Amino acid sequence: MSQINHFSNHRLINWFKLSSPSTFYPVAGKLIPFFWVLTFLFGAVGLWVSFFVAPVDAVQGQGYRIIFIHVPASWMSMFVYLVMAAWAGLGLVFNARLSAMMAQALAPIGAWMAFLSLWTGAFWGKPMWGTWWVWDARLTSELILLFLYLGFIALRASIDDPRRADKASAILALVGVVNVPIIYFSVKWWNTLHQGASVSLTKSPAMAQTMLWGMLLMALCFWMYTIAVTLMRVRAIILEREAHADWVRQSIEVKS
Amino acid sequence: MKALLAIIHRDLLLVMRRKSEVLTALFFFVVVTSLFPLGIGADAALLRKIAPGVLWVAALLSTLLGLHRMFAADYQDGSLEQLVLSPQPLALLVTGKIIAHWIVCGLPLVLLAPIIGIQFDLDAGSLYVLMGTLLLGTPVLSLLGSIGAALTLGVRGGSVLLSLLILPLFIPVLIFGAGAVYAHSVGLDTSGHFSLLGALLILALAFVPWVSTAAVKIAIE
Amino acid sequence: MWNSPSEFFAMGGYALYVWSSFGICALVLILEPLFVRARFRAVIRRLKQQQLAEQFDKEISK
Amino acid sequence: MFEGLNLTVSSGECLHVRGENGVGKTSLLRLLTGLSKPEAGEILWGGLSINKDVSSYHRELLFLGHRDALKEDLTALENLQLYAALDDIHLPDEKALSTLWHFGLRGREHLPVSCLSAGQKRRVLMARMLTRQAKLWILDEPFNALDVHAVQALQDLIAEHVEFGGLVVLTSHQEVMLPHVRVLDL
Amino acid sequence: MKALLAIIHRDLLLVMRRKSEVLTALFFFVVVTSLFPLGIGADAALLRKIAPGVLWVAALLSTLLGLHRMFAADYQDGSLEQLVLSPQPLALLVTGKIIAHWIVCGLPLVLLAPIIGIQFDLDAGSLYVLMGTLLLGTPVLSLLGSIGAALTLGVRGGSVLLSLLILPLFIPVLIFGAGAVYAHSVGLDTSGHFSLLGALLILALAFVPWVSTAAVKIAIE
Amino acid sequence: MFEGLNLTVSSGECLHVRGENGVGKTSLLRLLTGLSKPEAGEILWGGLSINKDVSSYHRELLFLGHRDALKEDLTALENLQLYAALDDIHLPDEKALSTLWHFGLRGREHLPVSCLSAGQKRRVLMARMLTRQAKLWILDEPFNALDVHAVQALQDLIAEHVEFGGLVVLTSHQEVMLPHVRVLDL
């Protein structure tokens, strides 16, 4: 089967230059260091701001500093899902293998981000709310997001034929995307009756400018990190799936 | 249209041939709901409080249970290929299979729910609301479930994977369904819940058959 | 803002929560690229082995 | 998988695809039915790509694969009738019964298919071939599990179909004794 | 003994080949337990009260879910016939399959339960009791389940029928298991519950493999 | 089903059971293996009823049915090795590999069986026949789905087994070209 892949592959190069794995592979390789540098830059400044510039919170004391990783992780977990679904959809519509590979590469990092959001949230909740977990809409929706990621990964893993796995998981990702806003807005209708104890920073008088900056910088750091790791993973996936293609055999890494 | 009826007839005939199958989804519903009083204890006030949630979760699980069979048997013996190759549009046949599934797994739940509800000491009003939400909600479950059933075709361990994929999608239905019963029991208005469930049903009816059809085609290829 | 390193590490009494959050976060974020790199190298190694095997096959058939 | 494969089958012909185990006969037949899509290249029927007007292509197509595609819980007769309903073909009871009898299933038409032997199941499929009224038959190892009489009956069926202007594409590891056979060796 | 290890190895290898399968029973457990708060609402005191029941019912259901596969796959592809025809005593092979099932579906539940328990706001003591009861109880579930799995072999819709047959048998385990956690939370002694669970386990270990073996032979014939 | 059937097969013989579809060949073979029990009558092996000492009868028995009995998720090699472990046979890696190669599966030994074609799966079974070291082979339509070469290889295998004092009982709708064949027409 994979032999066919590489025959048609050569024909496609002229049409979509960058959408062919063989051209994208070296480009990605060159981009990776660039994003790592950005990650460390934003990370260093962000951490410095979070720990040494941002003042103590009036209500929560030093404990609030978890925000500097909690919020970026939460944002990225949702954003990555949308991007993943978009790539998967593109792959499905245009039958483009690279798009499907991008979706495949994004899923694990998205799942990790969701996990981190849950973990840091839980370790924030314990001192602030006195409990690790409440069944509040936002927490629940994040948990469901994690399940959606895991479902996507599990479905991919259980289908042997990669092309079929691409298509099937793309359908799942797209259906899941419909679910995200539904769950997210369910805050409105559900849980209005019995809200768990919740402390909200945004409600406290003024969110210090420096805090906001720290959060934004850390969010940028997470963003760049996600891109870097995704590019690394997509390269590995390309090699795995195009193992029989000529360009892989001739590429420098494999040769030397 | 004739083809739609033909496929529904075929699926129902198959279910009837195994008489036990008609009743098992139902029995599962009954058994699961009766497990809770056993596990939790017989405190009437507590039971009444958790009744909507338990009934709806049980409905979810018993729908889930029969879901895998929706396409799997046909896939394994090669009939699904023949359905794909039939001159009828596949989406129509898929819709037929979904309807048959609902008649076997969803409709009986709606009819049985009040009896279980009485065991949990729900009042008449709550029972009506419960039946209403189930009537609107269970078709959505069958519809959404068909996507999962089609996606996990031919995947070993598919029935377990299926529940993983599909339960998160069932959650909105659960929230609005159980929410409506709860809202009624504390004297709030339930029309919001109902219209949301209705909207979900209409949306699912409009889109899901196409999605499932695409998934079936992918599985066959 | 911090008067001593020990005060910094105490985090105003929230040390457990803050540091386990940041700790796990760092752990995940560091391990993840390492895993990916390991996977990448494993692929490369396998490809190289395949190529060697093919070369041997060719030499033998000559 | 297949490169440079270019062939035309025309009305009144039978194509016998041969080749060793695993050479791709089944894959080729599935491509022809449209069940799987070719990576490159096209399959034409009456000058049109088969993906253009799927429904009318399917109306003229009958495919029998490795598996029986019979519902084991239903009787032979019910299986036949349900397929007719789905294929949009009018099949009165007497005709269905007489076709089953024709293939030696007399007395077994009301047994669930699970109680039939391997060869008897294939005979039910032969009955379907006769009632289906399709122009193009695609048959994957149709002679498997059939005894000598049944093989003869099936060959006669195919010969007759070809005689009346039908097309047949089949795979088989056995010799096929038919007029108008073209052999494709993969 | 070598044969016992060989069959366990084989079944675990099969599960590992589908990496997702190792985790899905587990995920199902997590998802089902999370459905309840969604259906019932987020009242912490209420959740704490129903936690033992919910966790145990979820354990029952997730054991149930993978149960059908214990023999069904081997039955369908003809491997089970070959196992029956192997020179090893069949009871040994059946025991091996039950052990493999517990390692995949039971053991992970034991390990995961505390995390779910925390979400329901259980205290440390209750969590220990919960793990202990699961450790004794889940093997009993796998053992009893194997009887059902063998009896429903080759029956279409078997997995649904299976749950019907087997859930009633699971009830004693549920009652003692959830009961122990509840007893602990109200400060009662739990040793009685534990010894009962232990007795159930020993009885099941002694008799079930023979029963399942007989059922498998009947299914094959 | 069978009445007055009384036959003895002795060492170095091959029994070819023939008959029309549904006459009861498969049922007879299953009786012989002990998978199903006869309504009346007995099946003896070495003078003893096969139900007396099941374990040692099974040690000498190899049965291949209609279905492949291979785990689709495992590779051909793993399938072979796991069967060896269950059959209590020492099978070193090299021997397993060389047997698979012998049957034309070189390069496919590490593919999951689900990726093999119908005939390639049967070839894995042939490899098992060679490694199993059983005295009595009971084979239900073993030539199904095999191409001409494979049929020849299998016939050679059977001939050799019979030559060395083994017993073979098989069904097939095709002619079997073997010395020492006795035909049983049902």
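Should a chain be cited, it is by its letter among A, B, C, D, E and F, assigned in written order, with residues numbered from 1 in that chain.
Going forward, a residue touches a chain if its C-beta (ideal position, glycine included) is under 8 Å from a C-beta of that chain, and two chains touch if they have at least 3 such contacts.
No experiment lies behind these values; they were computed from the predicted model shown.
Looking at subunit E and subunit F, the chains in contact with each of them are A. With respect to subunit A, maximal separation of chain centres occurs for F (centres as means of Cα atoms).
Averaging C-alpha coordinates per chain and comparing to subunit E, the farthest chain turns out to be D.
Looking at which of A-E and A-B shares more C-beta pairs in contact, the answer is the pair A-B.
Taking each chain's centre as the mean of its C-alpha atoms, subunit D lies 46 Å from subunit E.
Taking each chain's centre as the average of its CA atoms, subunit A and subunit C sit 17 Å apart. Spacing of subunit A relative to subunit F, judged by their CA centroids, is 53 angstrom. If you average the CA atoms of subunit B and of subunit D, the two centres end up 37 Å from each other. Within subunit F, contacts with two or more other chains are made by residues 66, 72-73, 112. Contact of a single residue of subunit A with at least two other chains is seen at positions 147, 150, 154-155, 158, 193.
In subunit B, 18, 155-157, 161, 164, 167-168, 171, 175, 182, 221 are the positions where the chain touches two or more neighbouring chains simultaneously. Considering their complex, residues 160 of subunit A touch subunit F. Here subunit A touches subunit C in the complex through residues 51-52, 55-56, 61-63, 65-66, 69-70, 73, 108-109, 112, 115-116, 119-120, 123-124, 126-127, 225, 228-229, 232-233, 235-236, 239-240, 243, 248-249, 253-254, going by the rule given at the top.
Looking at the complex, you find that subunit D touches subunit F at residues 19-24, 26, 66, 104, 108, 116-120, 122-123, 141, 144-151, 173-174.
Of all the residues in subunit A, the ones that touch subunit B in their complex are 144, 147-148, 150-151, 154-155, 158-159, 164, 167-168, 171-172, 175-176, 179, 182-183, 186, 189-190, 193. Considering their complex, residues 112, 114-115 of subunit F touch subunit A.
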